[in-house]
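I am attaching a structure below and will ask some questions about it afterwards.
Letters A, B and C mark the chains as written, and numbering starts fresh at 1 in each.
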Amino acid sequence: MRKSTVIFLFLAVAIFISGCAEEESVKLVKLSPPDMLEQIKIGKIDAFIAWEPFPSKAAKSGQKILMSSGDIWKNHPCCVVAYKVGKADEKMLEALVWAHVKATRFINDEKNWDKVVSYASQFTGLDEETVKMALRNIKYVEYPDEKEFRHYYEFLKEAAILKKSVKELGYESEDEFFEKFLRRDIYERVVTKLEENPNYVPEKAGKIRLGYITADLHHLALYVALKEGYLDRVFEDVDLKQYPNGVAIMEAFKLGELDAAYLGGAPATLKRINDEIEISIIAGVNNEGSALVVKKEINSPKDLAGKTVAIPGFGTVQDFLMRKVLKEGGLKVS
Amino acid sequence: MKQKIYSALLFVFLWYLLYFLNVLPAFHVVVVTFLMLVVKAEPVLGKTLLQHAASSLLRVLAGAIVAFSISIPLGILMWFSRIYNLLHPAIEVLRPIPPLAWIPLSYILFASFPNPTVFAQIFIVAVGAFFPSFVTISDYVRGVPQEFIELAKVFGAKSFDLLTKIVLPYSLPGIITGVRVGLGVGWMSIIAAEMIATSGSGLGYFILVMYEVGGRMPEIIAGMAMIGLIGYSMNTLLFKLEERFPWRLKSGT
Amino acid sequence: MALEIRNVKKSFGNLKVLDGVSFEVEKGEFACIVGESGCGKTTLLKIVAGLVKADEGEVLYDGKELKTEDIAFVFQDDRLLPWRTALENVMFSLEMRMRELDKKRREEIARSFLELAGLKGFEDYYPHQLSGGMRQRVGICRALAVNPKVLLMDEPFASLDAQTRNRMQLELLKIWEKRRKTILFVTHSVDEAVFLADKVVILSPRPAKVLKVLEINLERPRDRTSPEFVGYRREIMNLLQGTSLSI
């Protein structure tokens, strides 16, 4: 009794001392982007970082955009198209990449601006003025830059967020891992065929189960591919599934619910390694396209000391960007 | 003591069995992870396990104080049959509602508060701690032996004397049992509430985020061990206190 | 006349328990009540204490109604409060009945009674740390401390072994000789009644009536083996014949 009491009391004291010793650092909390808008309004959080269109929506309702993600890291890769290795066959992948490239080119074609704005508005449920603002912050791409992409990996590794090394996954080196993880060959094949024949359409595939994130303007290409009929031309059946964030999509991959999905490159990398969920990236979706929204009184990243900042999830692109901002501002996460 | 050592050895042995079957991480890895997390901040959330424990404990304490400051006096007042008849049916209907079922309602109730998540969590703990403590205390109070009442009456006790000199001291071990059981349920409630709400800290939040980030089974198990350790400590301390009352009614641990 | 029980009747529903019980006890007298189990002795004592209402009849002290504040009760079970020490248990009756006294004075009185009962040094013991006989003595102290006009005792020694019981009887007599209370003492044991009482009230089986009030004219301390003692015992036993009293 006496000995155990001493141990308990010691534990209790230790817990309370450590609880009180909270230094001046930034508190990261996880919130869904719609909640971020609500909570910054009522003052529960001081800042948030999220994908478009939420920053533009916040800006419209009186919040301040401190930095766009392009300011944090120029041309950073963001979302990608990934597939579950072993689930999807080559025919299906070629069809998907084709539809995605067609849709991305549609979006990037100046002629289609009005149509793109109207699609974006339908996809996110926001007015055209807001989506126009948001669209300007997003760069829709067909394939991410491998060098920039490896930047994520280095960061995750350095921050000790990655738990395993690529060796533990059975790769000789990081180069070998990335060769398998970033599969460029399908994209290149499709592009070459399109160059030879702009009217090229791949062979029709069967059913695809395709995941994406709710109201994430980054994933506009998916919506365009659907609306412009690109997907219907190459698939007999398209089963679309919505998820709240990239981590949830990776969980769905693990459970075998999906053949392919649009998701952030960071959670894709993180969960690929930590949980050994075997996926590969077959196309890029966008660069940049997120922003850090703050309350009016915050004027620089340094002002975030002691504040609460919301991120859409741990291990997301936005978490990554936020940590980069904090690191450069000399602040710690708590 | 020998028995305890055997039981611990068996536990570790079974654990390694599961490790070799690739179900769990190795026991020593979890132990090292636990010790590291106690002293060193975990990088994703930037907090040590003790800091998360402190957050959870503070919320439990706040909720429990709210719960007990109602359940103790109200439980004692249940001695009066009129109050008992008035409250008993209502309590019996509210009691089976699990604390977590109060979450949506509590979010609506506290939506306009400065920190709705924390208020809602404290509220959920309070609901969780209230019912078991109230029921335990009122059971004790209702069970005050008639002999003691008769004795006090022979010597001229008034209603107030009966309450303060017989009912209250007789129910003291019941109050401690109530506090113990209430804290136990409150502790489970806060861990669960943290896993649902985006609370930013706390052991429940910790293990959930560790799951989401992935590849962190040792961290998750270390968090669970901390949850168990704290729950066990609270229960044991109060149980030891309870055992000092020779007239306590026997209750489960 | 000090204590008068006049024609007390009591029924519980259809069960007639007391059927016109009458007897008298002088001031400072030690009276024992004997009767078959279940005949209504406890009921009678509770009526005298004012804990139970009689259907008919009255209990008078000096010609006026006897009130609860005039009596003190020693229960068959010791009925000590387990959360109070011996001293605090004795103080309990003082707290209830002598509210004008300050705490220090109450403690003094309680201590003096414990000393009288041979419990000096056990003041701070809790009931579970005391023997059965000691607990009974604490219960007696608690009753005596409030200086009652009448002390009611309901088989206080019934649960004790024979040896302890005999010692307790002597102790009780010692205290009684010092304090000279009017005592109404219920017992199963004819031997106990003859050993203690100035007067034995013998009740019939239920519904109880007084069969006889027998004066015991023996010097104290009494010799249980003397022919007179045995004679009184025999007389009472004969009156109670057919009942299952212990000898």
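In the analysis below, a contact is a pair of C-beta atoms (placed from the backbone, for glycine too) under 8 Å apart; a residue touches a chain by one contact, two chains touch by 3 or more.
Because the structure is predicted, anything quoted here is derived from the model rather than measured.
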Taking each chain's centre as the mean of its CA atoms, which one is most distant from chain B?
C
Whose Cα centre is nearest the centre of all Cα atoms in view?
B
Please report how many Å separate the Cα centroid of chain B from that of chain C, as a whole number.
50
Indicate the whole-number Å distance between the mean C-alpha point of chain A and the mean C-alpha point of chain B.
39
Intercentroid distance (Cα basis), chain C paired with chain A, Å
88
The answer for chain B against chain C in the complex is residues 147-148, 150-157, 161, 165-166, 169-170, 172, 245-247
Residue positions on chain B within touch of chain A in the complex are 41, 43-48, 50-51, 53-55, 57-58, 112, 114-117, 198-201, 209, 212-216, 229-230, 233, 236-237, 240
Residues of chain A that touch chain B when the two form their complex:
1, 4-5, 8, 11-12, 14-16, 18-20, 22, 25, 27-31, 35, 42-44, 159-164, 247, 250, 270-271, 273-275, 308, 313-315, 332-334
Listed in rising order, the residues of chain C that touch chain B in the complex are 49, 51, 68-69, 71-73, 75, 77, 79, 81-84, 92-93, 95-97, 126, 128, 146
